[in-house]
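Each of the next two complexes has chain A plus one more chain, namely chain B in the first and chain C in the second.
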Partner chain A sequence: MSRKPPRGEYIETDTGNKVARKATLVGTQNIMLGGKTVIQQEVMIRGDLIRSLPSSSSSGGGPPSNTAVAIGRYCFLSRGCCLKPPGRLYKGVFTYMPLRMGDHVFVGQNTVVQAAQIGSHVNIGAQVVVGEFAIIKDFVRILDGSVVPANMVIPSFSIVAGQPAKVIGEVPEGGHDAFELRDLYKSVGNNPQPAPS
Partner chain B sequence: MSPITPYTYFQCPCSDSALFRPGDGSPSSPKNRDFGDEDGAFDPRAPRANYSLYPLEYLLYCEDCHQIRCPRCIAEEIATFYCPSCLFEVPSSNIKSEGNRCTRSCFQCPVCIAPLSVTSFETQPDPNLLGAQDHSAAHHGGPYVLNCSYCNWSSTETGVKFDKSNGIHGQLAKQRNGGTTRLTAKERKERRKELVQSGGSAQGSDHIADEHGIDMETQFANLKHFYQTQLSSSTSGGSGFSGLGELGFSSPTSLSRIMSIYTGGGSLHDKKSKSRLGNMREALEEDEGLIVANLDESAAIEKLRSEGLEGTIDTEQLQNQPPNLGEPHLHGRTRFTSELRPIPYLLRTKRSKRCPVCRHIISKPEAKIQTTRFRIRLIAGNYVPSITIRPLVLPGSSGFIQHPDALLQPLRPIQYMLTFKNPIFETVKISLATPSRTPGRFASKVTVLCPQFEIDANTDVWDEALKDDNRRKRKGEESGNPHQQPEVGKIWERGRNWVSVIVEVVPASLRVDLLEAAPDEEGDEEGEASEKPKVKREVDRGPLREDEDLLEIPMFVRVEWEVDAVGEELGSSRDKEAKEKRELAYWCVLGLGRVAQGN
Partner chain C sequence: MAAPSSSSKRHSILPAVSQAGPKPPIQFSSSLVIADSAILTGPHTITIRSESVIHPRARLESTAGRINIGRRCIVHERTHIGLVPSSSSSSSRNGKSSLVSKGSGLGVLGEAGEAPVSPSVLIGAVTLGDYVTVEVAVTIEGGETLIGDGTIVGVGSKIGAGATVGKHCTLTPHSVVAPGEVIPDFTVIYSNGARRKDRRGVVDLRNKGQARQIEVLRRMIPSNPAKFQ
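After this line comes the complex of A and B, so read on.
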């Protein structure tokens, strides 16, 4: 880890991740970051909740992976949000399953995510709860305050809101670029660049 | 009123009333409009405006018509049907036969619409059996139920359980609430056939219907059967009064025509009957499909008394209920929660979109469900300059920085920076026009300091780096010292493919008592716009109406640019005047925020 300024707010890793010093990452060895991801202060990632079952039981011969949380590139985890792998009983034993997240995923402030899978180009608002084992496909927008019920599948190009959340609209054709988080990535860190107009 | 962030809406030309009602002089027509004149200015508060204003992302663009197209005017074609829950594609042939809902095991909770999951009904305290809760470990075979993990509704509340953990849709169709089985349409047909063959009367639906009364599907089948027999056995009744002849009610011809419409296929068409005239009798009994409305509601009242209001379902839940042909007609019945059925997911579609005028496809997604790519996607944002609005904060100004979401202070001038970004590869010339006072009772003053300017082409990204130093120079050259106050006739800032100009606004006071009698023609015009054509001189001092505190500026934008003439080969057009002028003009609405009340 290169630390250019002696005591910046963020730790900037070689792969370009910007992790706030005041973020809580538990079980870091089980957390995979794809790079260029921003983790703001007071974020919590529960990497300690790994699956307690030998994953080989059904899928036979896969490499034993201990990943609890996998995050792609250019994700942005806002202040106070929490990523927690979902858990359930499987053949009589309680086990956690990994939480996987694609690229360009924005997670708003104080949001709790317990999804099994989040695609790429997903915007999750503030104060949202994403229930256990939810599956969120690409180009989905979840508005502030939504509660996504457990096991819900949200197809691509959905705009979702409500408690419980339901699909309230469709992402228009011209709205794809708005999910891009490269500029947002540049605007935070120890040497933030102003967002272009 | 909660504050809002500034926004820009664009108007689609399909709302141009000149296309529909020529000579109407409707305010929303951009035709016959003079720049700088308020005549014919677009009124964003007009009821019609609701249907024509869209954020830029929602608009498409037809390259053949060179026009903006909006969700309201485009023609859609369904490319793929799929279930939003299991994400399986449904062939369009299935839509006709099975309907527009998922027929796998995807259901929504009838109480709260969260997804239902199939779980084993076994709730033994023995931890070894809890594994059955996972439906992938389905070898236990115990009864299964649909469970809502959000509100804890369970299909057991309506007495519905399943033998298998898959194919729930099919199992549910054979089950009434309470667990009693019902015949599917196919089974009923077979039963009827058996009855006919066994010599019994064809109208034996007493045996077919069960104790729940005749459900809608059975009733329809009975009616259909009745008319079928009527048609085949009608030997021209010939009774006098069929003045309408072939077209009369109950005439065999119209009957067979109607039946071929509603029962699908021309199987009922009887050639012989064509020549026949006369009437046939109508259904008279339940067996024949006549169901008399049950006006006795005492049972429902009794149930209401015992279950109370909590036992009934609300209108939203009722609306979400799928049509259930397996229940009797709703005559004289009340809806109780015990009648709720799990909601099979409505299918979703991928659609391509056509220009309404030239019929060219302007958006076409890949048909596969799992891909998010598009084959064609002509979005307006690639052709029309985008407009972003930000309050102008001068670097030299005192510490007071207005929060962009804050309410606007009445009568206090405020400056906004409008940034136009050119998406096309040509330099464009922009002309702006706004009314000097916004329409409505509370007219705010608007001044665009630089209504005409050019924006450089959206050049290659690599050029941006080279040009970057020029930016500051250009800015200095055009508006002098960047720390200076905004000046009339000068742009504020310029970049690779964008230009910022300043618009100055004096928000109106929202006090009704300060409203003045319309002093001039402008006032008249406003009165007209707010659908009050009767007495013009009278001041409307009514209380503040919905969204009257919203400061929205109508702005007419004209974009002009030149392109290489079509058909000309590249390079050879140098010497000739091979440039072609293009122009795009449209109304926009700049929403700045809400004006504070009370002063």
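After this line comes the complex of A and C, so read on.
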């Protein structure tokens, strides 16, 4: 048998996703990765929990989209975090709804995310719980250990913390570059490059 | 299992479940849903009653004694039920007589030939009532731990050994219940330690919702109870 070069810790796809071999992705066919996304070890993504009701908006033909989890570009899912689509009773039927995540979203270690929507440039700390059907807009920072209650809507440029989470401040002017995850993306993988100082 | 690779690609995406230790004896209802990658370990019997759902990667460990899961429970992924407490808590030994009466309905059946039958084995290390939801990454320590009907245990909560959580309680995310603690029925526990009574009276609605959710999960989670036999 021809042996390939030693297997790295990550699987790197053509679109630049880096998925750890020890990540648990359930229902991979329903998980959309936008590219350049890092998924570290022991991350769990539940793609098997798909919408069980046909979506009302896509009435005009075409196959129904079964996406359970959609992730944008340059997202970073830290070790041990869990992404799970939110579910609820809708018109008397229980259904899961897709979890949509924008670009440059950082998810900290051991965080559980059951949001309906997460915008772009969002930083979620470690040990955070994002409740079901929460909506997080762009440029939001959620500090470590927060518990975002179900159905909470977090406006743009907020800093959020506490149990239950409350808006405690605003992202300062000029602090937007801190949400860029391009350098972080380069610093992991099979050939990690040191972060430029 | 050296199964011939039916799907040639991407073996690595679902790493092999570490099945350490002996396979526990099981008593499964025929109508339950248990994911292939759930982890069952330990020497004692694990009983799961009808229409309960065990998500992938849930870990049920019967090292400390039997595990009894009632009807229509949902055990989410990454939960660890029956964890052996790190420090042997003597506090859980108190109030044993009251627990015997509660757990006896499930516990006393069978196991006559087992040599040192301690009460904790008969009662069960962990007993979940009916309609219990155990959310993601919850840890429930083993040792006569009891969780009443209709209780929701929030994400990342910890329940100590010998704790008794009453019926229809709600534990918010990251709640901690100390070992040996007794929580009355209809209590809401917040992660900052605050508590209050739940007076909404939504038990029936909640149970109905749980049944609907199980109907949907039944279609989504491929069940493989044969693997654990």
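Just so it is clear, the second predicted complex is superposed on the first by the 183 of 197 C-alpha atoms of A that agree within 3 Å, B and C clash if a C-alpha of one lies under 4 Å from a C-alpha of the other, contacts with A are read in each partner's own complex, and residues count from 1 in each chain.
Following the convention adopted for this analysis, a residue touches a chain if its C-beta (ideal position, glycine included) is under 8 Å from a C-beta of that chain, and two chains touch if they have at least 3 such contacts.
Keep in mind that what you see is a predicted model, and the values were worked out from it rather than measured.
K.L.:
Could you say whether A:96 touches chain B, chain C, both of them, or neither, answering first, second, both or neither?
P.N.:
second
K.L.:
Does chain B (first) or chain C (second) touch A:167, or do both, or does neither?
P.N.:
So A:167 only meets chain B here.
K.L.:
In the superposed arrangement, does A:192 touch chain B (first), chain C (second), both or neither?
P.N.:
The answer is neither, since A:192 touches no partner chain.
K.L.:
May I ask you to decide whether A:52 touches chain B, chain C, both, or neither, giving the answer as first, second, both or neither?
P.N.:
It touches chain C, and chain B stays clear.
K.L.:
Which of the two partners, first being chain B and second being chain C, lies in contact with A:25: first, second, both, or neither?
P.N.:
In the superposed model, A:25 contacts chain C only, not chain B.
K.L.:
After the superposition on A, what does A:139 contact: first (chain B), second (chain C), both or neither?
P.N.:
Touch partner of A:139: chain B, not chain C.
K.L.:
Go through chain A and flag every residue that touches chain B in one model and chain C in the other.
P.N.:
Shared contact residues on chain A: 89, 92-93, 131, 147, 164.
K.L.:
Which positions of chain B touch chain A when the two form their complex?
P.N.:
Counting only chain B, the residues touching chain A are 56-60, 71, 82, 84-87, 112-115, 117, 127-131, 133-134, 137, 148-151, 348, 353, 363, 369, 372, 374, 377, 379-381, 388, 390, 419, 495, 498, 500.
K.L.:
Mind pulling up the chain A residues that touch chain C in the complex?
P.N.:
11, 19, 21-26, 28, 44, 46, 48-50, 52, 82, 84, 87, 89, 92-96, 110, 112, 127, 129, 131, 145, 147, 163-164
K.L.:
Considering the complex alone, what residue numbers of chain A touch chain B?
P.N.:
Answer in residue numbers: 88-93, 131, 137-139, 147, 149-158, 164, 166-167, 172-175, 177-178, 197.
K.L.:
Which chain C residues qualify as touching chain A in the complex?
P.N.:
Per the touch definition, chain C meets chain A at residues 10, 12-15, 37, 56-57, 77-78, 136-137, 154-156, 172-174, 190-192, 209, 212-213, 215-216, 219-221.
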